[in-house]
Each structure stands twice: as C-alpha cells, then as structure tokens.
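Below is one structure, written out as structure tokens; the observations come after it.
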Amino acid sequence: MRIRTHKRLWALGAAGFGLALAAGPAALAFEEAPMLQEKVKAGELPPVDERLPMNPLVLEVVEQTGEYGGTIRRAILGGGDQHNMVRTIGSDNIVRWDREWTEVRPNIAESWEVSEDASSFTFKLREGMRWSDGEPFTADDIVFWYEDVFLDTRLTPNKDSTFVGPDGPVEVRKIDDVTVEFDFRTPNGLFIQNLAYGFGYHPAAFPKHYLSQFHEKYNPDVQSLVDAEPAAADWIQLFNLKAGPMDTPLFWQNPDRPTLHAWHLTNAYGSTDRIVAERNPFYWKVDEAGQQLPYVDRITYDQVEDVETILLKAFNGEIDYMLRHLGRPANKAALTDNMDRGKYGFFDVGDLPANIMILMLNLNHKDPVKRQVINDKNFRVGLSHAVNRQEIIDLLYFGSGTPAQVAPREGSELYKEWYAKQFTEYDPDLANEFLDKAGLNERDSEGFRLGPNGERFTLVFLVADVFGLQYPDAMELIQGYAADVGLDIQVRATDRSRLIDLHTSNEQDAYLWNCSGGQADAYTTPICYVPIVSNSVSWAREWAAWGVDSNRGEEPPEAVKEIFAAYDEVKAASGPDELRERMQHVLDLSMEQFFTIGLVQNDPVFGIARANVRNVPNPLPIAGQLWFPAPYTAQIYFEGGDNLP
Amino acid sequence: MVPTLLLVSITTFVIIQLPPGDYLDSLAAEMGESGVDNTAVLESLRRQYGLGEPFYVQYFKWMRGILLEGDFGLSFEKNRPVTDLIWDRLGWTFGISIMTLLFIWLTALPIGIYSAVRKYSVGDYVATFFGFIGLAIPNFLLALVMMYVAFKFFGQSVGGLVSPEYLGEPWTWAKFVDLLKHIWMPIVVVGTSGAAALIRIMRANLLDELYRPYVVTARAKGMTEFQLLLRYPVRVALNPFISTIGWILPTLVSGEIIVAVVMNLPTTGPLLLRALLVQDMFLAGSLILIVSMLTVVGTLISDVLLALVDPRIRYQ
Amino acid sequence: MSQAVLSHQEDVDDFDDTVKVLGPWALVWRKFKRHRLAMWSGVVVALIYLVAILGEFLAPVQIHDTSVRNTFQPPQAIHFFVTREDGSREFLLHAKGMKMELDRVALRRTFTVDESKIIPLGFWVRGYEYKFLGLLPSKVHLFGPTNPRDTVYLLGADRLGRDVLSRIILGTRVSMSIGLVGVAVSLVIGVLLGGASGYYGGWIDGLIQRFIEFIRSVPTIPLWMGLAAAIPLDWPPLRTYFVVTIIVSMIGWTTLAREVRGKFLSLRNEDFIIAARLDGLTNWEIIVKHMVPSFSSHIIASLTLAVPLMILAETSLSFLGIGLQPPIVSWGTLLKEAQNIRSIIEAPWLLIAPGTMIVIAVLTLNFLGDGVRDAADPHAH
Amino acid sequence: MRTEAVPGALLEISGLKTHFFTEDGVVKAVDGVDLTVYQNRTICILGESGCGKSIMARSILRIVDAPGRITDGRILYRAADGREIDLATARQGSAQLRQIRGQDIAMIFQEPMTSLGPIQKIGKQIVETILLHRKVSKAEAKEEAIEMLDRVGIPDPRQRFEAYPFELSGGMRQRAMIAMALSCQPRLLIADEPTTALDVTTQAQILDLIAELKEEFAMAVMLITHDLGVVAEVAEDVAVMYMGRVVEEGDVYAIFENPQHPYTRALMASVPRIGVTKSGRLPAIKGMVPHPLARPSGCPFRTRCDSAMPGVCDTSVPDLVPAGDSRTACFLFSDATGNG
C-alpha cells in the first residue's frame, strides 16, 4: 500500500495542461455526446468547453476509448436499495481509489499535498468545474459544508469519523477559490484513504447555491419553504430532507439537489416504477481522446419487489450491467444456463472481505457466566476446531471458498498465513480438549457440556438470511458440529434489522455475520481486529464504547488496551511503510487474542454484463466502504453505441 | 360503522407498533452495508422522524391529521407525505381487485350454475376438481410458476404490469395493449381461489333453490329451462353472491399483497409489505387503515346492492 | 265443512316394514358413505394423519442429515429387476446409484444415473434410531435401503443434500397439526362467542357481531404480519409454532362463530327447545343437551373445511418469512425454501413435492368437509 | 253439483308409471294409473300423503323432478284443435310441451308461500306467463294481469300488481297463483292441494273461487286433495289413489254413497257424520302405509285390507273394473287372472 503524496510539480503540470487547452480552438479540443450537441445547438446548453473545467480529469479507460449512446438498464428493489445507485453513480469523491484498489488518485481534486506529519491536507480543486445544474463548484461549497453543515450541531449532532482526528474534528480552511486545507492538528495518516472511500463524499456533496436556501443562516424567510413542505416541521428537518446522507434513501429522493455525478436523477427513488438518471452535461471527466464522459446516455433502475424478478429480467436480457443481487453463488448455475438467451457474460467481482462467515461471540456479555466462558480463549479455539469448514464450503458454496479465520486475504500486503489458518483444521478431539480446558468438562445426561454454574451451557445464535450466503443453513450445520462436541447451540432466525437491533444493544449471545478488512480496508475499518463501535459488528461493544470515550462503556483488559494504543499509532503514521508496519503490529496483537471465529474466505463473486458492454472493470474490487464501480462507470460504453436488442 | 372504523384505526396503530424497534433500526440495518458505523447520521434522523413520543400521543396526532387535514402522516422511508404515495397504488390495487372480482364472477357464475344444474355430471366433477385445485394451490406458488412459464415459454418480460419499454411512458394505445398482456396473470392468480370458493357457493345456493316450488311453478308456466333458471333460482341464488363483495374484497387485497410481491405489481401490496418490514409506520398504518375502511365501505355497498336486488331484505 | 283427514295410525303392525329407524349419526354416516369422493378423501386424510403420527418410522433418512455429495440430487427411481452378469433377470427392489460431477464454474453438481451401482431397497429395514410414537426407541423403518449406510433420495435432495421425502413426511406432522390445533382454537372461540351471541341476543349479540365484523374487515395478511412481527425472536421454535397457530386460527373462528350464532338463533325458537325450557332445564343444560348435539355435525363440517385454510395460511406466513422458520420443517417452510427461480430451473422436485402434498391435503380435506356438510345437512338433496 | 251429460275426454291417462330411481332402490310413486279427465268437469284425486297423486299430476305436465321418470304409460291430451298429444312421450323441453304448459294445462300448488318467485313482483310473474303464450304487448299484458287479479278477488289490483309475494297473505298469494294459472285461460287446471296451507275460512273462499272460475272459463279442474270434505264440496268425478294406483274411480255420488273398494269404504267410514252417533272412536284403517321401497306384492292394499284373500291378492294386481256405480280395482269384483 502506497500513498502517493502529490507534489507541486503535478499540480503545475495539470495547470499547464488546462491552459494549453484553453488556448486552443475549443470546439476541437473536447467532444460531447450527440444528445448534448443538439442541446448546445438549440441554445439550451453552453458549449462543451465551457461546461468542462479548465483541467478535466482524464480518466484511464479499461480497454479502449468508447462511443456515446445507450442506456444501462438495471433493476432496483422497491425499498432499502439505495446502494444500488450509490455504487453505480453516487460515489465520486474528492479523491478516488484506482481501479485495482491499490492507490489513491485525484478525482474532484486535481491534486493534493500532505504536511510532513500527515496532519494537514491541502486540496487543489479544478478551476471552472460545475455542478450538474451548471453552477460553479468552488472551495466555497466545501466551506459551506464544513461551517454550515458539519459544524452546525443542529444539522450534525454527531460527526462522521472520517473527519474526526485523534484531536477532534477537522478544521477546513479556504485558501482560495480552488484550494482548501483540511487540518487535523495531529497526524491522521489514514485520512486520504478514508476520503477515497464511500463516506468521504461529504465535502463535495453540498452545493451552496442550492442548499443555502434551506438554511436559516442564508435564508431568513426559510419558514415559508418549511410551510410549503409537508414532510418538514422546521428548517432543520427541511434541510435534512433536501440534503440527506448518500447512503440513506433521502439523498436519492431529491432529484433537485445538484451533484458532481456522471448521471443525475430525473425522478425520485421510491415513487415510480423506473428511476432514470440522465447524463450530467457538466461532468468533469474526459477520456484520453478528449471525449466528455460518461459514454452512456442514461442509467435506468426498474423497480422490482423481489430478487427473483431481477434474475428473470437478467435471463431476458433486460439487465445490461449489474452485480448487486445477482452475484450470488446460488444464482450462478441458472445464470449460466440462460447466458445465450440474455446475451450476457460474467465478470469477476473482488468482493473479498476478511471473512464471509464469522461466529461473533459476545465478549462483553451481560451474563457473567457466559461472559466468563466466552472470554476464555480456549473455548473459542475449541469451538473453532469443532467446525468442519470444508463441508460448509462444499455444501453451501459448491466448494468455492477457503477455510480461514478473520484475516487479511492472501495477496494483501498485511497477509500472514497464521492469521488466516490458525485453529481452522476440523478436529473434534482437539475441540473437546480445548473445551475441557475452558472448564466445560462436565456433561449432562444428554451429553451436553455444563457451564461453570453447573447448568447446561447454551449459546443462542442469532441468524438472518442476508448477503445471499445461506446463513440459516450454515447455522444449522454449525449447530450440529457443536452438538458433536457437546456444546449446545440454539439458533434463532430473524431479520436483519432485528438482529442489528439486538446486537447493538448488547443483548446477544452470538450471531453469524461477515466482516470487512480483508484487503486495503484493514487499515480504515479494522472492525474485527480492534473493538470499534459499528452497526454491523458487535463482539465487544462495551470495550469499543470505552475506546471512543473512556468514561463510557467498560474498561477492557490490558491486552485489548494495547491494541487500542497500537491502532492509534497507525493513525499517526507518516509514511506508507510505517503505516504498514504499525498495522501489522495491530494485527499481530489482535490475532493472538483471537476475538472472533472466522469460517470461510470466499472466492471472487461475479457480475453480469451484456455482450456489447465494454470497458467493464474485471476483476472489480468492491468492499463495504469501497463503493465501486461508481468512479469508473462513466467509462463503460456500449459497442455500437446502443443496447443489444 | 363509525365505531368499527375507530376500532380499526386503533388496532391498526397497535399492529404497526407491536414489533419492537422502529424505522431507524431498519435504516441502520441497510446502512450497515456501507461497512462503517454511521450512528452519526442516525441520531439526526431520529429527531427528523419524531420517533420516541409516547404511543397515544403519536396515535392522536396521526388521527387528528387524518380527520382534520386529510394528512396521513409521513413515510419515513420515502420522506414524502403518505397521501402522495398511496393513491396511485390504491388505484391499481382496487382496479386489479375489481377486475379480479369481475373475473371471479364471470367464471364462477356460469360454472357454478352449470355444476348445480348438471349435478354429478362429468362437467360438474371437472369444475369441482379444478375449483378445489384453485383453492389448494397457494397464491404465491401459482404466481411464481406462472411467471416462470410466461418467461420460459412465451418469452414475456416478467414482473410489473407493463413491459420495460413502457415504464414511465405516457399512456398510449400500445401501452394499454401491453398492459392487457400482463394484467391477466395477477388477475387469474388472485382470482382462482376466490373463483373456486364462489363456484362452490353458487353451486350450493343454486342447489338449494333449484328444487323449490316456485321453480316448478315457473316450469309449469311453460318457460324454457334456461329462461326460468336465470329468472328465478339464479336470481335468488345471486344474493349470497352479492354479499360476497363484502368479504371477498379484503381477501383479494390480502391475496394481492403476496402476489404483487412475487409479480412485482405497482400496487399497495409491496408497499405495505415493505412498510411493515421496515416499520415505516405511518405508511403501513395508513394503508391498512384505508384498505380496512374500504372494506367496511365494500360491505356497506354489498348490503345496499343486496337490498336493491332482494326486496325481502329491503322491507325488513 | 267437515275436517276428516286421512292420518297414520299409531297401532303399528309393520310386518312388512324392513327399514330400520336410524339415529341421527347413523343417518349422517349413511349419507356420507354415498358421497364416494368424500369417502375416498376421508381415507386419504386418514392416511396423511397416519403419516404424521408415524413420522420417523416412514422417513428413511434423518431430516437434518446433510450430504455434500448429494445436493440437488434429482429423485431416484425405484427399479424392480436386475440383470445379472449371465443375462438372467432377477427380481430385486433397488434404486440406481448416481454419479456426481461438480462444475466449479457454473457452481453446480450434475448427476447421472450409474447403472452399475445398485442400491437394494427393502421393507422393515434398519436405519437411524428414533422413538416410535415418541416412546419406544427403534431403528426399524418401513422402507429404505437394506444397507443402512446407503441412502436413496426417492423425491430428490435439497440444497444441503437432505432427503426431501423424509422432510415432507415429518413436515406433515407440523402442517397437519397446525390445522388441527388452529381448528381447535377456532372451535373454542367460535363456539363460545357465537353461542353467546346467538343464545343471549340483544346487546351481547350486537357487541360480538360488531367485533366479528371488525375482525373480518381487517385484511388478514397485514393483520398476520403485524402479529407475527411481534413474536419475540428469542422464543424457542415450539412456542413460535403455537403462536403462529393461534394467529392462523384468527381466520377460522369468525366464520364458525357466525354459523353457531345462526344455528342458535334458529334453534332458540324451535319447539323442542321451548319444550326443554318449559321442562325447567337450565340454559346450560339446554345448550349442552339439546342445542349442541343438533348442530354438531355442522360444526364438524365447518371444522373440516377450516383445516385446509389453516394449512394454506401457514404456507403464506412462511412465504412472507414471518411464520415458522427453519429448522422447523413444515410444508410451508419447505415450499418457502423452494420458492425461487433456481429451484424451478435446477431442482423442480423441491417445489413439486411439497406443493403436491399441500394440494392433496387441501383437496381431500375440502372434499371430506363437503361430504360431511352434505351428509349433515337435512336439506341437502 | 252438476249432473250434465258426460262431455268428451280431455285427458286420458293409461298405465302411467312414474318411478324414482334413488340410490336405495326404485320408488314406484305412480305405478299404473288409469284415469280420464273430462272437459268442463271437476275431478278430485283423493288419497293419503305419498300415494302418488301429486306425482301423477306432475307427470301430466312432465315436471317431475329427478330422479323421477315416467317409465311407462300414456297421457293422451286432446287439444282444442282436435290433435292428440301423448304428453308422456313428448320431448322434455320441446316447444310443444311448453305450449301446453301454462296455456292448455295450468297448475297451482299446495304452498302459495313458496310457489311464487320470492323476489319478483306478482304482476311481473303474471305478465310473464301471458307474454309466454300470447302475442300481446307488455302494456296489454299488464292490463290483462290486473284484470285477472281483480277477477280472482284481490282488492286494489293495480297496486297489488307491484307487490312482492312476501307482502301478501297466504290467501292472497293463492289467489295470485290462480290468477297466474288462469291468465292464459287453460283448458285444464290442476290444483295440487291448493288449500292445505290455508286457514279454514280462506280454504272455502279459494275453493269457491276455483269453482266459480271453472264455470266462467269453461275448463276442467283436477283437484288433488286428501280432504274428503273438499271432495264432497267441489268434485264431480272422484279418483281414489293408493300407493301409486287408482283403486276406485267414479261419480262423486257413487263414491260417497256406494263405495266399493275396501280402501274407499274404510275412508268413508272414517268420516264423522252429523246426526249419526256412534260410541267410541271412529273406525280406522289398520296398519300403516308400507314403506315405498317395501311394496307388497300383488294388490298394494292387501296388507291393510280386512277382506284380503291369501293366494289371490298377493299374487297379482287387480285392474279397474266396473263395480256398483264406479270402477274399482279389487279382486272382490274381478278374477285374479285379470292382471298378471
């Protein structure tokens, strides 16, 4: 993992490029889509050179320069599927990860500089860049976000962790119209990475010219707008309504909000059968031939209620490019059978989390007996050895996957074999040995182990049918393995939100989930390596709370405190090498503790693209925070300039 | 009727409040996908939706809005007033329900008459058998299988009421024709069980009437069998048929929910299911309330129709 | 005008009268026997309940037994003759083994019949241990491979390589009992409320009628969904099962209550009831001794017709994901598991087998109920 | 009572057998009836419940419900134009049959409560009958119907025209039934126990009305009854039925004054007579009517007959033969060889 600190040279070069372009005959310099040409002719749009920034981002294409035209047709679930749009068009941040998820590149910012101690970051924006409605995008928009949204406790009662350093929230300063500085005062070596991930979208998502009308500070008469909006009772609600977070439906329900995305919604999510996103005529990326991106005219999302319908649509050739909902092992065979009918092919998706099936035991259990047992590493090791991982993989995933613990993937710079392989062999005898060592050596008449209090030791596992990974089936198998070594596991099937509700209130014994941190995201989201407050993962919620604020939660043992400290060191690292070393140290400590029991690391999954869709990133890395392919969707095109019939 | 409606509204509200948690838990679950903790956003949203007030306060606010301003509250997930969201879908729901009702009548009436008149004939057995098969196959199973058959053997685009190329387009003749190509499926799927039940009812009712003295009288008058059948026993047997409007509507609406989810129809079903799942409570509550209300109204209509058709009831 | 009317006389001398006087139940039975379809349906229903009771004895494979090599294995046919090496044919009940190939690209297993591998089948074979009728430990199963180490999948295997046949057999127990328990609950509520309504009349009747009207006006699915969503998740499966049953019975009792009420209303003014009242019997005695017997056949018919509704309701709940949940095996959960395109394409037996069972059960219960109703109805033709 | 010369036969029934094929066996409801109905005369069919008199009457109009079927015999109807039609073999549902129904032969039934369509207006039902058989306009039909209602003694007929059956009393309904039956001026009116369901006063009125109308429309009336009083009051001819057969047939005076058949005699003896004082109970016919499925062999009455002759009565069925002033089916008056 390297972080390239872009020096002034780069910025100068880019500026020179922009100047050169401005000097040349504009019409020749950039090309645009035919549909926009017509609008320019009709006088509805300014010419392409005026719409583009002085120095547009020249986006490297996957295969070749493309041609304009066509509609990417997708399907979206009627509710809760906003990530469908987030990950295709939404995530286009100040900086971006490259296609291979190896380094951070300029995006909205044409360059940036990092202070020596990695505490301050100065971004150079693109001059002449515009919002999707044609208004200029400048440093003022970022300052508006910072001062009037981020700092306003009414609008942002809790700050997003991306913009909070060890020493508190970031300070953002405008240097000039195209330069802003983010200052954390103390080292924050992960900031650029974080900014490139999904949640780094904030600074460039708040168009001042549009949103200020809903802000008390700028519009004294905001009450009249509130009165006109039935869904808001005061200006704060109104503002939240108009400027909702991208990962909630709110963002996608306000098509009026100008964006910097390649396509712009023409109607709101959830209110029609089809959501249409039209090309943004002011999009600021071009290809190497000077053609303004995106190639594809529009993206449509047909609203469906059932995942099965998406599958049938794919068979029917009604889906042009999609991995969401389709790329599950269970669907592969049926999709393979209908390839010819639907005229599509597969591409690989590197959705490779640290583990896709983890026994999350609650180390901070409220019940002292269960807590004592769970916190005994011998118990966890015993349980780990009791599970026949290979059988689970064979049964549920047709043999695709590897038995492994929760750890960085092979190929990642943080990979160590023992992280992934410790305690993974299926060995009931060994399991029994460890469980005996954990003090569960007494058994009842039915052969189940007794806890230290003399009663049968039972763990209730929550399980929800999520991610298309057949968790309930897996749990049934695990229950059987545990029973084989005398451990009583009860399974409670539930839905996702109930499950999250239970574990975030620390009322669970254990549950089955997955965890990110398998690749580069190990640095920024080590949620299974370090106790961190999270919606998805709770294995030591009280410790995590303590980690944020030592007045809350519960003081962890020394070994865990050590891990906290080690991770703080990571944040303070100044260079890539130091970063890696320190993270490795965190992992060494964490793996030794063996907090959670991982079962399976999956093989890459897949997506489908119709036969004439080109420039498809393959393999396409995605992760919880890595909202791909969004920054690269713009360079996908249809060979022949239109959809296949 | 007013007390019934009041009771319906309270029950509705209780039902939507019964499950633990609230909409934000559901939202949090969805947002969990983004991989990182986002409690920051959740806190501000909790305030946004005014969750956390006592139960009865929420109920009275809701009812007051409905009664005084016709305001059914706000959908959390869609962030729009419920009234904006539901009328289209209610329209489709009732459209489909009414068409289904017509389908049921058009099939059940002649078949029911036939199997009563030709009792224990081959035709009667066939009708009975298929009627019961219709009753016996769960709706959703039928829906899925029919969808697959339509896809596999007719190459039809599946899901929804119109082909994708017509989505979001203005209504044209071609779109209407396309609609007809699709809409029969949900109608048949939702209608089969209802039709089966009505065939049985019609058959039983008619059998009750067929041997009554007035039929003999009519026959003795020299009427043809067909004339007298339609003019006398069928007319009388229709009474319970008409009163089915009252109970069949809620059945259809319920059945339609499941079928709509499978077949991806733009009706209230998926909206309601979704709203219940994510605890978008005003949306769910309003839908249940309105559907129940319309059912009560439907019962009223069927009573009125019954009185119109049967003078005996009118004079009671 | 003189009023001389011909009349039967009571001084009986029926030397030629061979027809016996039949009691009401005998009459019902006599009528019922004539309804041939209903008779046969009754036999089938009895068989289904027998399957539910015998359960493990009939199920050749343990229902939670998974098998890596057999996921989505299609049903194996039963063969009767084997051809020996010398060409002679010999009777031997057997199934052919299946060869499995794993396609790692398309992620599926394909099976071909392995003609050379013969799995002998037989009756009264040894298999896994279970408790016969929940009491006697036994290893004997009615039918299965003679070698306990073999397994056959006569109705195919599911995604975990579990035997569909065995799962359906044991699912019968849950599904059919839900029908019965649900009906029992409906019966109690329905008869109590309907009886009170019809017997007392007046404001009690009004109140109960309004209540029934109200229950019926709430669309069932949302009602169920709301109720089912309120079931605490950490409840053990058994308790969930009973709550689901009660939810399901919500649909049945209103109809029953109405019928009972109607019967009470019409009976209230019958001569024999008035006579009983004049005889000084208490309300309770009248109800128990006179009214209930006079319409119990009706109730039985209604109950029979309610069972299939409950079975269907259970499948609907399972489909919505709010009914019973695995690892409980019911026809509804089996169907729910198969309710996807992949199953229709790759493993249609997963859908067909439980679907057929549901159709058969619902169908026969309906025919049976129809027959009972016809037989119980004195006005039937 | 009229004692005119015997007019021409309107309806000749011979050997009529109407059997019901039930699952328990064949019920021989009508088993060889011979009967003649004469123009302009009133014939009463007398018999106990279940003796087949109603089925016989319905057989004439071919309105016997399944599983009943005419298996044998002839019902010869002599139409106004002289044609002879065998109603027993006329095709069910044929225009010919339908024309005779309602127009030539009309029928009124026992239960005025249920014999009218329950949810159609009285007037409409009458108009319907008129329109079925006669080429008149609706308005004319309506006028005629009102006139008919007026004729049968329904007060305020114009208003009653719009009434539903349930708004009328039993007597009024029977009047309406009669109005409907007579709306096409039939040549034969079959009245199937028209007064059974009515109270005594109304009974008399209805019978008077029928008698009156019979004169007015010059039609024959077949009155089916189990009430001897009714017979005495209105009959000109009488046929006594027992278990699906006519056991005695003749002039009303012959039957009442000089009954021949043991059954008829027993019937007559059971009538209390004014002025005749007897001690104790009225004599009754012994035993019960046998179950229809357990028909005695030979003469069906033999099981209850005081004069039954073993070896004769139980071997064959007697034919109707003249005896006294009537015709009787009894071996007391004929040879056992009369019928096989």
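Labels for the chains are A, B, C and D, by order of writing; each one numbers its residues from 1.
Simple rule for what comes next: contacts are C-beta pairs under 8 Å (C-beta built on N, C-alpha and C of every residue); 3 or more make two chains touch, one makes a residue touch a chain.
Here the structure is a predicted model, which means the values were calculated and not measured.
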Identity of the chain that, by mean CA position, is farthest from chain B: D
B-D or A-B - the one linked by more C-beta pairs in contact: A-B
Chain whose averaged C-alpha position falls nearest the assembly-wide average: B
Chain A and chain B, separation of their C-alpha mean positions in angstrom: 40
Centre distance in Å when chain B and chain D are each reduced to the mean of their C-alpha atoms: 55
CA centroid of chain A to CA centroid of chain C, Å: 49
Chain B and chain C: spacing of chain centres that average the CA atoms, whole Å: 26
Overlap residues in chain B, where contacts from two or more other chains coincide: 20, 144, 148, 211, 273
Chain D residues counted as touching two or more neighbouring chains: none
Shared interface positions of chain C, touching two or more other chains: 341
Residues of chain C that touch chain A when the two form their complex: 64, 66, 68, 71, 102-109, 159-161, 233-236, 321, 325-327, 340-342, 345-346
List of chain D residues in touch with chain B within their complex: 58, 61, 63, 65, 93, 98-103, 106-107, 109-111, 114-120, 128-129, 132-133, 164, 166-167, 177, 180
Residues on chain A engaged by chain B in the complex (per definition of touch): 73, 78-80, 82-83, 86, 155-161, 198-199, 230-231, 233, 236-237, 240-241, 244-245, 247-250, 253, 267-268, 270-274, 276, 300, 302, 304-306, 308-309, 312-313, 315-316, 318, 495-501, 504, 516, 521, 525, 527, 532-536, 623-625, 627
In the complex, chain B residues that touch chain A: 20-21, 25-41, 43-45, 47-48, 50, 71, 74, 77-81, 84-85, 144, 147-148, 151, 155, 157-160, 164, 167-168, 260-262, 264-266, 270-271, 273-274, 277-279
Contact footprint of chain C on chain B as seen in their complex: 3-4, 7-8, 11-12, 15-16, 18-20, 125, 132-133, 135-141, 144-145, 148, 200, 207-208, 211, 247, 250-251, 253-255, 257-258, 272-273, 276, 284, 287-288, 291-292, 295-296, 299
